[in-house]
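Structure incoming, see below.
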Amino acid sequence: MQLTLFWIFSSLMIAFGLGVVTLRSPISCAMCLVSSFICLAAVFVTLDAFFIAIVQVLVAAGAVMVLFLFIIMLLNLQAEECRRVKLGVMLGGTVVVLSFVVLLSQALESSPQFSKPIPVLMAPSQDVSMIGMTLFHSFNLPFQIVGVLLLVATVGVVLLSRRTLR
Amino acid sequence: MDVSNFISQFFSPAAWSLIKSLGECFMSPTGFLIWTTLLKSALLLVIILGLVSYTVYAERRVSALIQDRLGPNRVGWQGLLQPVADAAKLLLKENFTPKSANYFYFRLASKLAMVPPVLVLGVLPFGSSLFGVPMTIASVNVGALYVLAISSISVYGIVLAGWSSNSKYPFLGGIRSSSQMISYELSLALSLIPIFMLVGSLNLNQIVQYQIVHGWMIAPFWPQGMSLDTLLHPLALLEAFRAGCSLQRVLIWIPLFISFILFFISMFAETNRLPFDLPEAEQELIGGYHTEYSSMGFALFFLGEYTAMIAGAGVITTLFLGGWSLPLVPDGSHGWFWGLVNIAVFFAKVIVILFVFIWVRWTIPRFRYDQLMKLGWYFFFELAVANIFLAALILTYVKR
Amino acid sequence: MNPLFLEYTVVLLGIILLMVEAFLPDLDKKKIALAGIAGLFFVLFLTWMPLHSLSIESAPFYTTDPLALFFKRFMIVMTIITLWMSLDFIPVIQRGIPGERPGAGVGEFFILPIFACASLMWLVSAISFIMLFVSLECMTVVLYISISYLRKDPKTLEAGTKYLILSALTTGFLVYGITWIFGITGTTSIEHLADSIALLPPQSLTPLLFGVGLVLVAFCFKIAAFPFQFWLPDVYQGAPTPITAFLSIASKAAGFVLLLRFLEQLYLIPTLGKKVFAVTTLLAMMTLLFGNLAAMAQTNMKRLLAYSSIAHTGYVLMAVASIGAALALPAIGFYLVAYLAMTSLAFIVLLIVTETSGGNEIYCFQGLHERSPLLAAAMTVAMISLAGLPLSAGFFGKFFIFQVTFQQGHYGLLGVGTISVVAGIYYYLKVIKVMYWKQPSQGSAPITLSKLTTVLISLLIAVILILGIYPTPILMSLQ
Amino acid sequence: MTTLSHYLMASGLLFSLGLAGVMLRRNILIIFMCLEMMLSAVNLSLVAFSRYGIVNGIQNYDAQVLVFFIITVAAAEVAVGLAIIVALFRSRQTTHSEDLNAMKF
Amino acid sequence: MSPLLFLIILPLVAIVLILAGAPARVTSLLATGFNLIWSLLLFFHYDTVIGGWQYLQETRLIPQMGLNFTLGADGLSLTMLLLTTLVSFAAIWVTPKLERSPSLFYCCLLFISAGLAGAFSSLDTFFLYGFHEIALIPVFIMIGTWGSGDRQAAAWKATLYLGAGSFIVLLGIIALYLAAPSSMRSFDFRVMAELSQNEMSHPASWIYLILLVGFGTLVSLFPFHSWAPSTYASAPAPTAMLHAGVLKKFGLYGLIRLALPIFPAAVGRFSTLLLFLLICNILYIGYVTMAQRRLDWTIAYSSVMHMGTIFLGLVAFNILSLSGAALLMFGHGLSIAALFALCGALRSRTETLSYHELGGLAQLFPKASLLFGFGTMASIGLPGFTNFAGEILIFFGATATVIIDQGSLSFMIAIIAALWGVVISAIYMLRAYRAVFFGPLIKAEGWINTKDLSFYEFAPITMLLVVLLITGIFPHLILNLVNTAFR
Amino acid sequence: MIVNRKKLNWVERLYLPAIIGGLAITWKHFQRSLLGKGVITMQYPEEKWDAHLPEWYRGAPTLVKDEHGREKCVSCQLCEFICPPRAITIEPMEIPEGDPWRKVEKAPRAFDIDMARCIYCGLCEEVCPEQAIFLRKDYSITGLNRNEMIHHKEKLYELGGVMTGLVFKWNEKK
């Protein structure tokens, strides 16, 4: 069950990811990314991380990407016209990415800990309350900092996007 | 055993063993889960589709009655077959795509608009249990968040419809609608937090269970442990009320009631209903984001909108009005009849809320767009946050 | 006093000023800056209060070791200087923002650095990757906003966009690296990283190295070490000058603190440490060469300072690569303090000259001596110190670093360092040359300085010269 | 049987796709999207490590909290970033990275 | 408080006063004048019987590193300090009226003066080095702003060469410092020398080479000399006076203080190399000097060439030659300062110093002609001038080394070359004298000024030459002090 | 006259009382209608409003004949000209020799009004010099296709009938 779901959703996720990188129209890119995020959430579910999956959908797909879509529409971005392909950039990019993947696979092969089967969970997943406990107890300080971050970001967005400041 | 023996003689042994293993598969826990879930989904879908079409009908009738008219009353008795006729008309009309529209997204959008509200229904406990099967399609421990997440997804259909029509009015409607939905999602989500704090769970079933024990979220006084017997003894009744009432319970009612109001009003904005139907403001935008749609595309939008309304009403019922529970009515473990009664109770509550939706629609005029956004950002958002603090204070510092 | 109160005070200061700005829109914005400066001085004073230990929840995230305290003060001082500089920047801000009234958006320009200061103070205390990530992002977000603050100027926005993309990329690398380190060691603590690594089976080191590499890449982006420095000149040139100063000093120093905390742990694991330090040495060399050689060709003062900041990254990396030496940490600390004084001095002068000559090309400094002897003297002192000529703070900084490098026997690094110093003398003197040799261009008027600015400039000159003779207090506070 | 390396490889592929997008695409908005993709790839790795790193049947929720932080921070970053990009578009009428050449050496 | 501190601080105070608005020339004249008197007092107050380091003061800066701010002087330092104050006083006195920011000019001169005083009175290598480097920027500014000819190129060349050279010195110093065991590390060169003599510290001989290259660049030793002529030729006269007269001596001073006591063995090992270089300095540069066709270039090259002779004194490495070297440093400093001052005075009148455009100036400027004659004689090393005493002592010392230590052939060649150098210098100096001051008056119209030297030009040059004569006739005035350093 | 907007106090600014008041009003209507009271809807095909149609009701345009059974229309084509939606098409013809009404010279050969286009504005009636065209009370004009919606001359006269006692200026001529 887990395996099937994993294969379905992860391959979909990567396929949509490929769409983001290759499609020309920004709207299609954005929609691919949304789909990729939703598939990612499904993969999270196969890992028993329900809360994270939902947050991923809620924030990444439901808020962030809508914002993207908005901006694309607002700016009326058209599909990228075929500009001159810079061979050097293409080649460099491909090489960097390939070497990255090769490095990763070497890292994965080097240790047996990556090929263990999935461990069994003792209790039914209580991830919401556990994350809540972790967040508000032991991670209180970082949580406060995130609060400051959001405050600053709010101020900043108002400053940057108002047509004329009052 | 006899029966199975009797049946088995009609089949070859190989076929019989196949049938038997299929049956075992059917009754194994996983198999059982799967087919009951499918059945529940089908059941719910049927109910919802019926409900949607009759909501549309009700909308027309109620609006007529409020305006001293009669409304559709020709097709069938009192016009009850009107939805069927409407559906037939929509299906048979020409499905038209404007030339300058982006075909793929234009077609996709109408489907996308339909899916999320239906998905929301998946976690709603629409009944207690029937034959031991819980009447929730999926009992998720993040149910409430799931509802919010899915409703946040529903923006896409609208935005895409607006954009892909490649026309002014749909575009404006799409943008308006999505920004409105995003804005009100905040107060929608924040207004629920007092409930989560009180119940300590995001699971909708558990929230309903809590309400059965401690009383509906919008009821400050609740006779705890009341049964048919206690009704007859005034002292026991008093005792039940005393047990269900504490200072905290009374005080927490204030933030909960504010939550209820916030959630309710935000729901109007979230489902693009009057007085917040700016995206479809006919006078300004013709039909908003679905201006260019016809036939089935249009029907899907309509369906989506009303499903969203029903789902919203279901969420309100579940979170604030005790879900399928009604005082003194036992749950489904006491027999299938009570299970059915519970389902009926749930939908009755939903229908009452739907009525309020319609009632409000024909009472209150439309807001101006800037007023709408201001209301969302300057008032509801702050109120919701303050409400959370209030609830937190009460829960922490007032004795249970 | 609870050590967390330091940051809380700063954040509170920021919020109060935001409120004041929001509810008293007619207030003179200068007063906000002055209030900010006063408040930060108060916090600076608080850092010398006795601190007691932390609660159990915060202890795994936050430390108050001398390094953290030292850099907290560093950050506060830099923020004070930034605000102080910004006082002279008000007309530019007003020109750069579409506002209904002349004061619109000016107040926030003073308030944002205060939040950045708070996040930097958290950052230098971070001993957990999570804390590190969160506070780093907080600072980054403030910088995004501040860099693109002057929206009417396309250059600013371009700089903002570039910084945005590259910072986000950095974040990606950083977080991916953290993930791997967490995955292998099972901990997000930096403080106990070495202990956790020591318990690992040897075959786990390869994937760990993968994570370490990713984190290092991210840090290199932050401090602009060689292959990851390309964003820096554009960003520096486009950003508002006080923010450029803040970016080049505070954010860079923070990057070094993180690098130090991280590498300190790796240094304890010889198998891993050797590889990592070989890479660091190489990075230092390349950074030195690139920064100095590229700086020689610059004609724009801000770009020059940008490349010089890359070069200085190289010098500090020299000391980082020699982290085993006893004096390495004080050397880095002192170098960064010296860098703070001299770079901010240079930026102040640049800011004033840009405003009075209408550009930040080097030729705008022509005959500065005749327009304002104090400014010219200040710039000279800054340049001398940046070039590392003696009896200035910069000299002591370089001196300590070379000494540390020598001690660790990195002779190749020393050779590259020597070349860089000579190249450095060349391009820093170019500025001095323009100020003294050339006559002022036609129609440029003498520059009059406000009293506050004069005080700041004199203070910084004094600090540079005094540290050039008496570096002991800074050095002591890190030992 | 799914192993940790399955998840890590999926996440790594997504990450490198994002990286490729950042390097190859020219539209800043799409570059920004690719950055988001990279961050979510990281989240997958984190959750996988957290799920597979179970000690005594109890998960280490530190990683999931970190994921939560990453999502939050990324959202804030996107908000600010898009504000900047929109401001850039307003002043330059472009979102192409190649057109950002006001400052050259 | 060491009285030496006064020498450093007074010019700095004067700078602050000038920046605050005090009249530049008067303030700086007063400051350097007081400094001159003060250094004379110190010079004569030095107790030659006790010898060693006097006027000591030690301020601890970084105890863990052994970094202190130590002031103190022995005979050699006092001699150099006297030279500093003399030349700075003269330089400031001789400074003409300037069009562009005169106060900056005086500030720069005072800076150099303060730095030199600091360098010659510091006992810590760190400050020894640091104070010397102060001069770098003022020189750069002065040449670029008020220089003549190809001043910009000259300024760049000088600054980069000197910057690089001094940085190499710094590396050498750090290497020296690190050579000691970590508990005994110190920057005090007395401690360094002591440690190396007690074999506590093992500085490798390559450190000596580093120091040699570094200091050599500062002194314009042969392959590193090319900055010097152009700098002196294009610098304004006061700058050239201070730089060629005093600043350049710092490299030699540093070698005497650092290299020689700490690396006695290495000096011997690398003496052949050094001898080869100094022969080049004398002969090659000597011939180059003869080929010059401009007065300022001739004098500039001559100053490079004379360094060779002094180096010979250092290589010979006995008390005789070292005293001679010290004496020659003093004498050369004064004479070259006087010559540059005269050069400056002539240039301000004729705007050219090229031989074929000049001639017969003695008719117009008799005073200048007279003083130049004296300067020429001093520079050649005729008896009666300090230069003569110094050179003689160096030759004697070198010969003594050859005889006593069975010195090598190269040593003998060097001595012969140095003697030959005297002849070469006589050739070019006399030719210059003749070409400029005698013969027919070529051109007088279009010159800015045909008046003879004014008082403020005449007096300081005369002062320098008089001191040169006095110490030339009574060299023991200096030798008494200098010998205490090499005892 | 300037009417200043009323300054709302804070209760009013909450809008809740107003909303509740509004809901009460609509509820009242709903309740009444539900009980069948006050519903003013007319069940159309069964019930019609014909009896109540006012005098001035403007229905379909028609042509009328006079008391002699003669066409009043002289096909001057003014109505065709004025018709905003150009619904009227007139084909004139000469009145043949010998006709008693020959002095009028012209009469319509064909007179079509396209009822699919007609907007019931009444301009034709107003402009007609002969008062030959009138808007009558017919309002349910239907047809199964577009052709059926065109009223020809016969239909128009059939609907219009006879109109007497009005101006008939040609009578005095000749």
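As written, the chains take the letters A, B, C, D, E and F, and residue 1 is the first residue of each chain.
To be clear about the criterion, a residue touches a chain if its C-beta (ideal position, glycine included) is under 8 Å from a C-beta of that chain, and two chains touch if they have at least 3 such contacts.
The model shown is predicted, which means the values in this text are computed figures rather than measured ones.
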| item | value |
| --- | --- |
| Chains touching both subunit D and subunit E, listed by label | C |
| Chain labels contacting subunit B and also subunit F | none |
| Remotest chain, subunit F as reference, centres from CA atoms | E |
| Pair of chains whose C-beta contact count is the highest in the structure | A-D |
| Separation of subunit A from subunit B, taking each centre as the mean of its C-alpha atoms, in whole Å | 29 |
| For subunit D paired with subunit F, centre-to-centre distance based on mean C-alpha positions, whole Å | 69 |
| Inter-chain centre distance, subunit B versus subunit C - centres from mean C-alpha coordinates, in Å | 54 |
| Touching two or more other chains - residue numbers and ranges from subunit C | 130, 134, 137, 141, 144-145, 148, 151, 180 |
| Chain pairs in mutual contact under the definition given at the outset | A-B, A-C, A-D, B-F, C-D, C-E |
| Subunit A partner contacts - residues on subunit C that touch it in the complex | 4, 11, 15, 18, 25, 57-58, 60-62, 97-101, 104-105, 108, 111-112, 115, 118-119, 122, 128, 130-131, 134-135, 137-138, 141-142, 144-145, 148-149, 151, 180, 201, 203-204, 206-207, 209-210 |
| Subunit B to subunit F touching residues, read off their complex | 62, 64-70, 359-360, 362-364 |
| Complex interface listing, subunit B residues touching subunit A | 102, 105, 140-142, 145-146, 148-150, 152-153, 155-156, 159-160, 162-163, 171, 174-175, 178-179, 182, 185, 200-202 |
| Subunit D - residues contacting subunit C, complex | 8, 15, 18-19, 22, 28, 31-32, 35, 38-39, 41-42, 45-46, 49, 53, 60, 62-63, 65-66, 69-70, 73, 76-77, 80-81, 84-85, 87-88, 90-92, 97, 100, 102-103, 105 |
| Subunit B partner contacts - residues on subunit F that touch it in the complex | 19, 22-23, 25-27, 29-30, 32-34, 38-41 |
